[in-house]
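Below is a structure I'd like to ask you about.
Letters A, B, C and D mark the chains as written, and numbering starts fresh at 1 in each.
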Amino acid sequence: MENLKEEVLQANLSLPKHDLVTFTWGNVSGIDRESGLIVIKPSGVKYEDLTAADLVVVDLEGKKVEGELKPSSDTKTHVTLYRNFKEIGGVVHTHSTWATTWAQAACDLPALGTTHADHFFGSVPCTRHLTEKEIAHDYELETGQVIVETFNHRNINPNHVPSVLVESHGPFSWGENASKALKNAVVLEEVCKMAYNTFNLNSERSDLDYMLLKKHFFRKHGNNAYYGQ
Amino acid sequence: MENLKEEVLQANLSLPKHDLVTFTWGNVSGIDRESGLIVIKPSGVKYEDLTAADLVVVDLEGKKVEGELKPSSDTKTHVTLYRNFKEIGGVVHTHSTWATTWAQAACDLPALGTTHADHFFGSVPCTRHLTEKEIAHDYELETGQVIVETFNHRNINPNHVPSVLVESHGPFSWGENASKALKNAVVLEEVCKMAYNTFNLNSERSDLDYMLLKKHFFRKHGNNAYYGQ
Amino acid sequence: MENLKEEVLQANLSLPKHDLVTFTWGNVSGIDRESGLIVIKPSGVKYEDLTAADLVVVDLEGKKVEGELKPSSDTKTHVTLYRNFKEIGGVVHTHSTWATTWAQAACDLPALGTTHADHFFGSVPCTRHLTEKEIAHDYELETGQVIVETFNHRNINPNHVPSVLVESHGPFSWGENASKALKNAVVLEEVCKMAYNTFNLNSERSDLDYMLLKKHFFRKHGNNAYYGQ
Amino acid sequence: MENLKEEVLQANLSLPKHDLVTFTWGNVSGIDRESGLIVIKPSGVKYEDLTAADLVVVDLEGKKVEGELKPSSDTKTHVTLYRNFKEIGGVVHTHSTWATTWAQAACDLPALGTTHADHFFGSVPCTRHLTEKEIAHDYELETGQVIVETFNHRNINPNHVPSVLVESHGPFSWGENASKALKNAVVLEEVCKMAYNTFNLNSERSDLDYMLLKKHFFRKHGNNAYYGQ
C-alpha cells in the first residue's frame, strides 16, 4: 500500500510538471487489484502541499477506508472505471486545455497521425450528452457509467484506447498503473493539440489508413512490439 | 490595514507568475469594508520593484488618503465596482491575452463546459460600446459605470459571475477578497482560451445545459458545496 | 559611447528574455545623435556570447568606424531609419512569431483594442512588395527606403506609430532609445497575437473609435499623459 | 568516433531544450563518412538518462557494430537518407507539434517569408501516401525510400532543402553534421508555426518571389554568403 501511495503521489505531482492542470483541477488514482483498494487524491488540495499521508483510500464501493481528508469529488467516476475496466491500474482526470477543447466541442478525436497511432488504436471517443435525470441523480457515478457505455456500445477495447473525452467536461485517461495513466494523459493532450491544428490547416483529413494505425500501435504494444529496450 | 496591504501586494505579485501581464499592464486592489478604504497598486510601477509601502490607499470617493505614489490610472473603475457590488472585497484588471481577445471581439463568453460552470454561473458578459461623450467625460469612471449597467440591465448577479469583458479593452475580475479575485482572473483567462478553441473546432456549440451549469457551480459554491475540504 | 554600448548590449540581451528571437534572428542598435555614431549588434553572434566589446560602431553612411566584427547584415536598414526618422534613438529588428505572421500575411495591423492604442496611435502599416530591381540592387538599403516611403506616403508619424511590418519579412520597431525600441517590439508582438485571435473569433471587427484611440494613446504619451509616476 | 558520439549526444540532449519532443519522441544520428559508421540514439531511452556510452553504432547496411542497446526503431530511415543524400552528416527525426501538423495535413510547407528563405531554398515537400504493401514490407526502410523518391522526382536538392514532412507521420531534417541537422529541425518547427498562422490570417498568400527567396538563401549559404562572421 505504501508503494501504491508513493506512485499515486508522484503521478499527482507530475500533473503540474506536464502543464496539465490549473490550480487543483486534476486528480490521479491507483488501485491494488488484490485487495480492491484504491488510493486517490484528496479534494481541492494543492499539489505543492500534497504528501503521501494526505492520500485517501477507498474501496470498490467508493467508501473511505483510510485517510483524514475527503477524497476527490470525482471518486465515483474513478471507482466506476475500475469496476468495469478490469485490467486498468490507474486513472487520471484533468481539465487540460486541448483535450477539454475536444470534449467541449463534443467531437471524437480521430487518429490523424502516427503519434496518435503509437498510443491509441483508433479514435478517442467523446461520450454522449448526459440526461437531466443522470445529472440530477448521482452525477459522478453517471459520468463513469456513460464512459463505460461508450466503450461497450461502440465496442472499443479500453486497453487499446486508454482515454475518453467526457462531453462538455474533459478527459479521463487510464493505464496499467498510475504512472502509465499519466503518460496517456500527456499524450492525449499533445495529439489533441496536433489534431486541432491539422483540421484548421486541412479540414478534409480523416482517420489514418488502418494498416498504418496497426503498424504503429503494435510497434509499441503487445508481443511483437519492437520499440524501446 | 497592514494585512490588507500584504494581501493586495501578494495578489499583484501573482499577476506575472500566472502570465496575466506584460510589463505593468495589470493591477489588483482590495477593500476594507468597515473603514471603506481601498488599497491599490500605484500606476506604472514594475511588479519586481513593488513593496507593500508603495501601495496607495484611497477612499470610496477615489481620493488618496495615504501613499507617496499616484494610484493606478484605473482607480475610478475599481472604486465604482466597490460602490455598486457591495459584497466584493477585491478587484483585478489585466490585459491578459485570451480575455482581451474576447473583449476586442466584443463577444460574451458563453459557458461551453464544466470548467466555466465551476466558476461562473452563466456567460461572462461583454459591455456595450462606450459613447464618445462617455470617453471624453470621465473615462475610467464611465468604464466602471458601464460594467455596473451591464450587470443590472441583464440581471446578472456579480457574486455568481465574478468577471466582465470591457468591450475593446479587457477583463475585470473580482471576488470576496484580492486573492479570490486573482483566482477568478486566472480561471477567466483559461476558459477564454478553451472557448476560443472550442468554437474554432465546432462553431455550432452553445451554452451548457442549465442542469449541468447548476450542478457544477453549486458543487463548488454555496451551502451545499461538496468540493474541497 | 560606453553608456550607449551598455544600453545597446542590454537591449540585445533582452531579445531572448522576451521570447522575440530564435538563434540569432534579431538585432538592436542605438544612435548618439551628437556624433552621428550608431552602435549595432555584430552579425550572427549568439546573445549568450555577446559583450559590449563585440558591438560595432558605424556612421550615418553605414561605414564601420570601430569594432573587430562585421556589423549586422541589416545595418543599412537601421541606418536608413536613423537618417529619415530624426527623433528616434534606437531600432530593433526581429523575426518574432506573431509580428512576422502579419508581415507574411501582408496585412496592416489594425488597432483593435486599447492595448494597441496605449502604444500605437493607429494601424501599424505593412510595406508594399519590393520590386525585383530593389531586391537585386541594395536590398537592405531598399528595405529601409520602403519603410520610410510607407510612413511618408501614408502620412504616418513614426513617433506615434513606432513600428512597421516589412512585407514577407518581419517587424522593425524603434523609439527614443534602444530600451524603448525594445519595449515597442515586445508590445507589437503581443498586440499582433491578440489581433490575430480577435479576427479568428470575430472577423467583422475593425479599428477602434478614434476617440478611444486618442484617449488611450495620450493617456500614456505627450504633455497630458497621466499614466505612471 | 568519440567526437562524433559527443556531438550526437549533445544534439539529442538539445531536443528537449528546444521543445521539439515529448517523452522519447525524437532521435538524432551522425555519420563518419570515411568509415561509413553511423552513431544513433538507442530506442526509447530518456534524454535525461542518455550518455555517450549508450549510443549505438551501425553501418550503412543498418547492422549494429557497437553498443549494448537496441538502436532507434527509425534507424533504417536514417540509414536510407545517408545512403542517398551523400553530402549530409547528421539526421534528426521528431514529432514536433507544428511540423507534425503540416505532415498530418499532408501539405507541402510553402516559403511564405524570408525566415523560411534564409534556411530552405523553396517549399519543404510532404511525401506521398505509403501503400499498404510498403507499410507491411519494411516500414522504416520504405519511409526512407519515399523521402528519397520525393526529392528525386521533384528534383529538389537535399542540401538546399534540408527537411521533409513524412505524410501522416512527422518531420525529418538533416545537415552537414548532427548539430546543423538539429538547427534545421528547430527552424522547420518555427517556420511551420508561422506559415500556419499566416494562412489562417490570409489564405490567399503563396510562395515568395523567386528573387527574394534567392536573395535570402544565398545571403546565408554558398560562396557569396555575407551573413555572420
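One rule holds in what follows: a residue touches a chain if its C-beta (ideal position, glycine included) is under 8 Å from a C-beta of that chain, and two chains touch if they have at least 3 such contacts.
Keep in mind that this is a model prediction, so the values were computed, not measured.
The set of chains in contact with subunit A as well as subunit B is empty. Between the contact lists of subunit B and subunit C, the overlap is empty.
Subunit A and subunit D touch with mostly distinct residues; of the residue numbers seen at this interface, under half occur in both copies.
Rotation angle for the C-alpha superposition of subunit C on subunit D: 90 degrees, rounded in steps of 5. Note: centroid distance subunit A to subunit D, computed from Cα atoms, is 33 Å.
The geometric centre of subunit A is 47 Å away from that of subunit C, both derived from CA atoms.
In subunit A, the positions touching at least two other chains are 200. Under the stated contact rule, the graph of chain-to-chain touches is a ring, a single cycle where every chain has exactly two partners.
Contacts from subunit C toward subunit B in the complex involve residues 112-115, 183, 186-187, 190, 193-195, 197-198, 200-202, 205, 208-209, 211-212, 215, 219, 226-229. On the side of subunit C, the complex with subunit D involves touching residues 22-23, 25, 42-45, 69-70, 73, 95, 97-98, 100-107, 129-130, 132, 135-136, 139, 168-170, 196, 199-200.
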